[in-house]
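Read through the structures below before going on.
Heads up, the next two complexes both have subunit A, just with different partners, subunit B and then subunit C.
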Partner chain A sequence: MTEAKTASWPTPPAPEHMVELRGIVLNYHKLQVLKGVNLAVHKGETVAIIGPSGSGKTTLLRCINYLTQPSGGEVWVGGHLVGQRPVGGRLRPAPDSVLRRHRLDTGMVFQQFNLFRNMNVLDNVTFAPLSTGRGSPGEIRARALQLVERVGLGHKLNAFPNELSGGQQQRIAIARALAMQPKVMLFDEATSALDPELAREVLDVMRELAREGMTMVVVTHEMGFAREVADRVVFMERGEIALQGPPSQVFSDKAPDRIRRFLQH
Partner chain B sequence: MMGFPTAMQLFLNGTFQALFLLATSAGVATVIGLVLTGIDVIGPRWVRWIIPTYSWLAQTTPPLILLFLAFYGSSALGWQVAPMLAAFIAFVFFSSAYYYEIFRASFAGIPPGQFEAAKALGVPSGHFVARVVLPQMLRIAASPFVGRTTVLFKETSLASAISTSEIMSVTNGFIYAGGNPLLYVAIAGAIYSTINILLIRLERYLSKRYATI
Partner chain C sequence: MDLNYLAEYLPVLMDATKVTAILTVVTLILSTVIALPLSVVGLRKPNAFSAALDLFTLFMRSIPTLVVLFFFYYGMPYLGLVLPAFAVAVVGLTLSAVAYNIEIFRSGLRAVDPGQIEAAEALGIPRWRIWVNIAFPQAMPVFLPTYLSNATLILKGTSVASIITIPELTAVSNEIVSLTYQPFEILIASALIYVVLGGALSLIAAAVRRHLTRGLSAGPVRSAPAMKASA
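Here is the complex of A and B:
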């Protein structure tokens, strides 16, 4: 009995692992969307997840902040177990109030931007830090102004989302996520809804962020970005990691056929 | 024939009574409609089928029947209920259902990605509802809400059937007393439309002022 208990007791990951996924399984009805995925993301590393649609890359990303609750496995972010907590010697799903705390370590950027439509740019960026008490109102405001400036929209502080282009909205969404001072940034096809021109301004912000040492997990169709910016590229297929390695390796002529086929599209 | 000052006083009083019935029943029904929406959205599953059933019942029954039920029904059960109170109960009963439908549809009209964004940011749900959900809901609901409220105001005329002293009973009184029906009906009609036009104007003004979404 005690042995089984110790065996199932989770040990925290190595400190340099900012994100560690262990055996993530997700069942949806009879379909196994994720088949026991293991992945470690180092501090300051940018990992690009690529793969055909339906391969589970977005689902895997959403498991990192538990927007999708995996059916099995462990998610570790910043040394903390996400979405679960030990109760009476066993791991149980964490209640919402605890989960909310777990999510403070991750920032997320969505394909559809998802800005709060009734708030101007400044309020969008300050709302979450203010309502979770991430510093004094003065500090939060100063930080927000700095972030909005950094994504190049200092002149749009009072604009509402419907007055901004898609690219501008996405840059504000990035600033909004950064305002919570997350340890990891998750990007879910952040440029898929944008014209190439507008996508570029968003990718520039992401590139800058990667250069500054932010830990990033990026689900993307932008192969150029993955090749150029990612430290590591993860290729997913049918709910599993089929191949991972530095871009030079994944994008090389020696990569397995099915990856080369996917990249030709 | 009554003198002009008395007639005006009676109509003024009738208007006041109608507005009072409108304001109290619309006010209470708004709160109930919002609460029902909240329950429908986050309540346990077993409660949720009750609300659509009630809503269907309240919207399909003619208001006049509800009015009679509240007034004659209660006296048949041995409670003496004043006409105004009976009208208030009947109006709250059916307009809560209409307002609930409006709020429920407005909630469904909020672009859903914002819910996930708030979750991912770790925003407590109370703050999120107060600062994001409700403002957007009210903005979407404003126009149908005012539309329904103008109908409700017209429906206050039904309360004359249980002898409250609102606009329509005053009008009836004059007509029974031998007054010119066309004249008095025209006066009543003018009162209803004037007040409804003011309501609609108010909504347009507010919509323009808060047109950010």
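Here is the complex of A and C:
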């Protein structure tokens, strides 16, 4: 039997690594968008990814839940290899049903909210757990009510997305992702489409989530948020991680020139 | 207008109306049930099967239904397959209706915001659920008007079946006229019957639409966050 082999290969990451990216490469035709990115995110850590437009931040984030399939490398979330499985000594793309299971560990929040526009708030939050059998209907409903309350929209349960402000929609989108009880939350420019005031109510929810110990990977242009909330800031440039470290270091006067230039505008 | 003459043939016309109605309903249901799952194939990422399907719809929409019916009616026996005329009519009408319905459903599905589909995939929601509960409900208001007008085309198209001896409304009207040489009353009556059947179709479609699109605004409205924020 090959059990010994499958148990040790591919090698799972250290248990404290909630997310581990190994040599992630992504090519669009001839353009190499990600050039072998390595990144480990610890349990309960909040990592902010910053960098110039087109540097590959969104693409890297989407590789974590395989919305974008990398051309090479390994993605590990919660100790599981995502989107691939070993077959005969090689890694092969996992079938759809398996990938779906892998995705249960990650929640994602998009710039454009992407709420289901044919469903009210409660259905938006309960639909995914109900259709994937994440608990009994009673439990799912109770959890949803609690989450919607927690993002401050308990009075909007029956509202449809087009009756909500952008900030409210985004808070519901966060509740929707949390309803699946993910181990990691991914945010892609969650506040870029919002006026500053509406952005603040979303950022408050995210800050709270980080404080409660959720593992988060946050692509953002909100330097204030990165500085205050992130445990670590990753600066991307041309498909690579150019620098990473605690905010105090990345945002310091001693950071390399090109980072300070980026931060100035 | 000779009402006595009309009254004499009304029972025959009513029987023919039944045939037309049954042919329409059967074609409509079959073509919808077949086209719904097919419209989803290759929509997000074209594949070999969807390419074959494209070819099929191109063929079926180009070839006159009459020719399709002739092909099955006269052609199939050569291949050793003899079907009753009614079955041939259903198969022929359904095949061409499927082609149109696939295109109609696709145009609606393409209007659905791909961001929502992606969000659903990221949540691990099964694919069929994404189509049934998220994409189709939002595509419905988009494709329903076209679907409805296509349904009336199907109703009218059943008259083609007269050519293969199906005793539907057009065939029977023609037969009466060729016996009596009094076309006026019969043709008016059969035209009115088509109008009533078409009206019934519209009413049913309107009711279905009201039922299925509750809570949805006119279309799959895309978010306009900046506008929302200032509203």
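Everything that follows uses one rule, which is that the second predicted complex is superposed on the first by the 256 of 265 C-alpha atoms of A that agree within 3 Å, B and C clash if a C-alpha of one lies under 4 Å from a C-alpha of the other, contacts with A are read in each partner's own complex, and residues count from 1 in each chain.
In the analysis below, contacts are C-beta pairs under 8 Å (C-beta built on N, C-alpha and C of every residue); 3 or more make two chains touch, one makes a residue touch a chain.
The shown structure was predicted, so the numbers you read here are calculated from the model rather than taken from an experiment.
With the two structures aligned on subunit A, subunit B clashes with subunit C. In the superposition on chain A, A:Gly166 makes contact with subunit C only, not with subunit B. Contact with neither subunit B nor subunit C is seen for A:Arg92 once the two complexes are overlaid on the shared chain.
Applying the stated contact rule after C-alpha superposition, one finds that A:Asp195 touches subunit C and leaves subunit B untouched. More residues of subunit A lie in touch with C than with the remaining chain of the pair subunit B and subunit C.
By the document's definition of touching, neither partner reaches A:Arg211: not subunit B, not subunit C. Legend: residue contacts after superposition of the two complexes on their common chain; A:His155 is shown touching neither subunit B nor subunit C. Of the two partner chains placed by the overlay, neither subunit B nor subunit C lies in contact with A:Arg261.
Under the contact criterion defined above, the residues of subunit A that touch both subunit B in one complex and subunit C in the other are 65, 67, 96, 100-101, 103-104, 106-108, 110, 112-120, 127-128, 131-132, 160, 162, 173, 176-177, 180. Put simply, subunit B touches subunit A in their complex at residues 111, 113-114, 116-125, 127-128, 131-132, 135-136, 139, 212-213.
Those residues of subunit A lying in contact with subunit C across their complex are 65, 67, 96, 100-101, 103-104, 106-108, 110, 112-120, 127-128, 131-132, 160-162, 164-167, 169, 173, 176-177, 180, 193-195, 198.
Considering their complex, residues 113, 115-116, 118-127, 129, 133-134, 137-138, 215-217, 220-221, 223, 225-226, 228-231 of subunit C touch subunit A. The touching residues of subunit A, counted against subunit B in their complex, run 65, 67, 96, 100-101, 103-104, 106-108, 110, 112-120, 127-128, 131-132, 160, 162, 173, 176-177, 180.
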